[in-house]
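Labels run A, B, C and D following the written order; every chain starts at residue 1.
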Amino acid sequence: MNKNPDRNMEKAAVNTSVQICGITFKNPVMTASGTFGSGEEYSELVDLNRLGAVVTKGVANVPWPGNPTPRVAEVYGGMLNAVGLQNPGIELFCKRDIPFLRRFDTRIIVNVCGKSAADYCEVVERLANEPVDMLEINISCPNVKEGGIAFGQDPKAVEAITSEVKKRAAQPVIMKLSPNVTDITEIARAAEAGGADALSLINTLTGMKIDIERRTFVLANKTGGLSGPAIHPIAVRMVYQVAQTVSLPIIGMGGIVTAEDAIEMILAGATAVSVGTANFMDVHAAEKAADGIEDYLRRHGIADVRELVGALL
Amino acid sequence: MNKNPDRNMEKAAVNTSVQICGITFKNPVMTASGTFGSGEEYSELVDLNRLGAVVTKGVANVPWPGNPTPRVAEVYGGMLNAVGLQNPGIELFCKRDIPFLRRFDTRIIVNVCGKSAADYCEVVERLANEPVDMLEINISCPNVKEGGIAFGQDPKAVEAITSEVKKRAAQPVIMKLSPNVTDITEIARAAEAGGADALSLINTLTGMKIDIERRTFVLANKTGGLSGPAIHPIAVRMVYQVAQTVSLPIIGMGGIVTAEDAIEMILAGATAVSVGTANFMDVHAAEKAADGIEDYLRRHGIADVRELVGALL
Amino acid sequence: MANKWEGQALVRKQAQIGDGIFDLTLQADEIAARARAGQFVSLYCRDGARILPRPVSLCEINAGEGTIRLVYRVAGKGTKEFSGLREGDAVRVLGPLGNGFSFRGKSAFLIGGGIGIPPMLELAKELNEKEPQTEHKMILGYRSERFLLEDFRAQGEVFVATEDGSAGTKGNVLDAIRENHLSADVIYACGPMPMLRALKAYAQENRMECFLSLEERMACGIGACLACVCKTKETDPHTNVRNKRICKEGPVFDAGEVELS
Amino acid sequence: MANKWEGQALVRKQAQIGDGIFDLTLQADEIAARARAGQFVSLYCRDGARILPRPVSLCEINAGEGTIRLVYRVAGKGTKEFSGLREGDAVRVLGPLGNGFSFRGKSAFLIGGGIGIPPMLELAKELNEKEPQTEHKMILGYRSERFLLEDFRAQGEVFVATEDGSAGTKGNVLDAIRENHLSADVIYACGPMPMLRALKAYAQENRMECFLSLEERMACGIGACLACVCKTKETDPHTNVRNKRICKEGPVFDAGEVELS
């Protein structure tokens, strides 16, 4: 008896698809930039067709060698990284990574990094005729000297770079925001004023780990970006604040490990979510999150995931 | 053979005492405000004489009832709290809590909270003739509508309130800083400009947890302060940044659970450290941290803990 | 001796006795020697991702054996971890915590609802021991599935209420009291807030003393952090405001002194 | 079949074989069927506070039994957790990972230093099997205490160097090579960076081929996150910059192609 409703819900179709800027994603679960490459390495173990989108590792106008090693350190409930946006450059990326991802039934969001407005614009223009669905502009990487977070912490710079990018972008533009700010709603408003089509938040929080036995910094870069479940409550709070402030769709990320974490983010105002560091904890984390959201909808008799978006606002 | 050096070090005296503003603390381990009350409840289980200092729960000019419940929520590797600085008011505090703490051989640091500059000043003046060693001014509590973090995120307000308090304080003044800022060094410089004698950092990071089954906020206050091991790498980074920026002594806190965590903070520039949320994980956490620092000094043949302070700067 | 003990306790046995309900016996001599009905202990998780102790009420205290019995419901990852404990495992525990029930020497209702039922068992045992001549009745409210029923019947007269009517009175504990025309001078109760509110009102109408064991999310569990407070009629001498610490002044309160939200 | 397998592996046995050195055998048929010398696996911790997998090199692969043998040193909380695994426990594992050693059909030195010693055992076994007629010598460098020595002796001629001279040549592996006037065409080595640097130089002087297994802090372990890279002489076709992924193109590299910092 008790189980019948569930059984019926199993049969009942639930909608897990969401729309952002008129683009439909089969489910709200994406991969966070920098944790999933361009999907090739994970495709051995993960069915990319189960994902709403693959968000690629950041790509610049030219190849970047990244930072010296060690580039990562584990911390309590999370990790620090200072990879420094190593990437093969946009040319090889367009020749190799995009065609690879096109083989799968999932959306393609290209994360774009740069050291100057011109860098970002060059990449965005190069992508104009490429078969990618959206662009995510990384103005919040804490691990590069120029560009990155330098832009992301200054509202004027955020608005300026957003409008520069928008002028040249053929695809909808997502601005990825840094949590290392006093008031993230101010940054979000600046991105909106600059014409952003959507927002991604949060990027990593700047952290540091010291090896007390060797009495040295664990990361060659001294500081790195803190990610993983440790930062999830901060990410949920910021998504909630931004969702109340701007009318742009939000892709929520930051410490999402399980479907429960993802649903928290959606209830707080995210239309979609990205699974990042959790891919290192379990190669199937993103697939499981997608499955878990579907299970949750069935269990609660909710026909459409979109009913959950911002339900707590 | 192998063990002999250790044995010798056991016998060798190591100095664990540190000085802040000319006051000597028997060791660098304190209790973080709000996690230890005024020590009375813990004294049943913990030897307060083993601690460098007890930093009391914040006290205001009048009793505060605090926030509605639930006031706490566990999160991955940490917790959220929105107690809202419930306190019995300065009069009862002076009559009961200070005499209690005087019975122990440990330093007394009184954490002061307020909703306005006048509130802080009233408490500071009331304490002028009380036998307490230092004052810690809490301008960074995220859980009260007025005062608290509102002051702590604005450099001008920090400088102003610091100088107001300093005018009236009979004891050295520690300003406790919020990590919810774009640039904590700017806030630290403001406190220094205002005449602060020392700095405490970090207070909690604002976070949120949602109960997806009930589809509601876990905390009655919606948001709360994130503390615990999850935030330690952020705290170490901020202590390191501030130690490079100002010449004030720093009391480092944020996710310290073990002696290793404490030593990281000291190497990054903290003269002393506070154990907070870890008291909930293990009532003996602070004692163990003090013991562990001593063991570390012996193991590494370091005669004086002060050799470690800021050793990585 | 100190009032509280903290350390590793050996698991004597654990069994599942209901849907998500587990029955755990720990060897904790120092706690068993100090504890009394209505108090609780803090259990600490092994998994470092879960940093706060879980408060669990004492279902039975056996000072002679030096054991404590904890009957709890799996409500989250922490209690799920505890449910995996096997004989011979160790678990870190702190207790006894809280005030416990006070004895009034009068006829009493011992009322438990859902996972508030277990602590009433130790209370029944202590009342039988300390007040053999006073009459008390146990009224237990379940959703449907019963647990601990035999243990309670061994302590005296038991009345059952089930929401689905699968046993005893269909309805709640007050329905059972009325249906069976029960009366007493004192109410001791533990259970969900709606039940406690109803019992407070019922006690006032019938001029009964009423002692309620309250629940709230806790952090330190010993009264230092002020997380688990409840509103009170009068200003509390310790907090100096109108609330009391459930983990310290409570969890058992005179219904008259607290405001049940 | 897929190249990698992820899942729960059963612990067949574990023993401590040295000061902080543990010898763990896992039932992992799919990994044993695919793996070869020089590859590694990722082990995942149970404790949620530790989120990253630990890379551990394969000491032995038994495709017949479907088991893999891991010999590791307790270096932190993660490996400490692994050292507590007992027969019958399950541990989540991903592998095999990395490229492994390539066989050159020439006389070889198999050189291991410290915790770099274990992977050379599987290499010795595979060389004996695949290149029975080629001569190879094993040179093992220990600080002081020896481990796995009998296993290596079963595979052929073994030379030992100890820093404290408590056995074999006093000094490092190169001292042992010189003292025993050893020669070969190829070097296969795994161990601390100073040893690898010295071997690279030695191989150049003596015109030997040299293959080194490198270590670096890893995150994903499969080549996606670009955490564990090493500098290379030439631009790598995948990264398009002058570095390679140790977990993917490595951990074994031709000494000539990498720059050892």
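Quick note on the criterion: contacts are C-beta pairs under 8 Å (C-beta built on N, C-alpha and C of every residue); 3 or more make two chains touch, one makes a residue touch a chain.
In this text the structure is predicted, and so the values were computed from the model without any measurement.
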item	value
B-D or B-C, whichever has more C-beta pairs in contact	B-C
Furthest chain, CA centroid comparison against chain A	C
Length of the line joining the C-alpha centres of chain B and chain D, rounded to whole Å	46
Chain A and chain B, separation of their C-alpha mean positions in angstrom	34
Between chain C and chain D, centroid-to-centroid distance (C-alpha), Å	56
For chain B, residues that touch 2 or more chains besides their own	76-78, 229
Residues of chain D engaged with two or more neighbouring chains	48-50
Touch-based graph of the chains, sorted into line, ring, star, complete or other	complete
Contact set on chain B toward chain C in their complex	34-37, 41-42, 44-45, 57, 63-66, 68-74, 76-79, 81, 83, 86, 88-89, 92, 228-229, 277, 279-284
Complex contacts: residues of chain C adjacent to chain D	46-50
Interfacial residue positions of chain D with respect to chain B in the complex	48-49
Chain A-touching residues of chain D, taken from the complex the two chains share	2-4, 6, 44, 48-53, 78, 94, 216-230, 238-243, 248, 261
Residues of chain A touching chain B in the complex	75-78, 80, 153, 180-183, 205-210, 212, 215-217, 223, 226, 229-234, 236-237, 240, 255, 257, 260, 263-264, 267-268, 296, 311-312
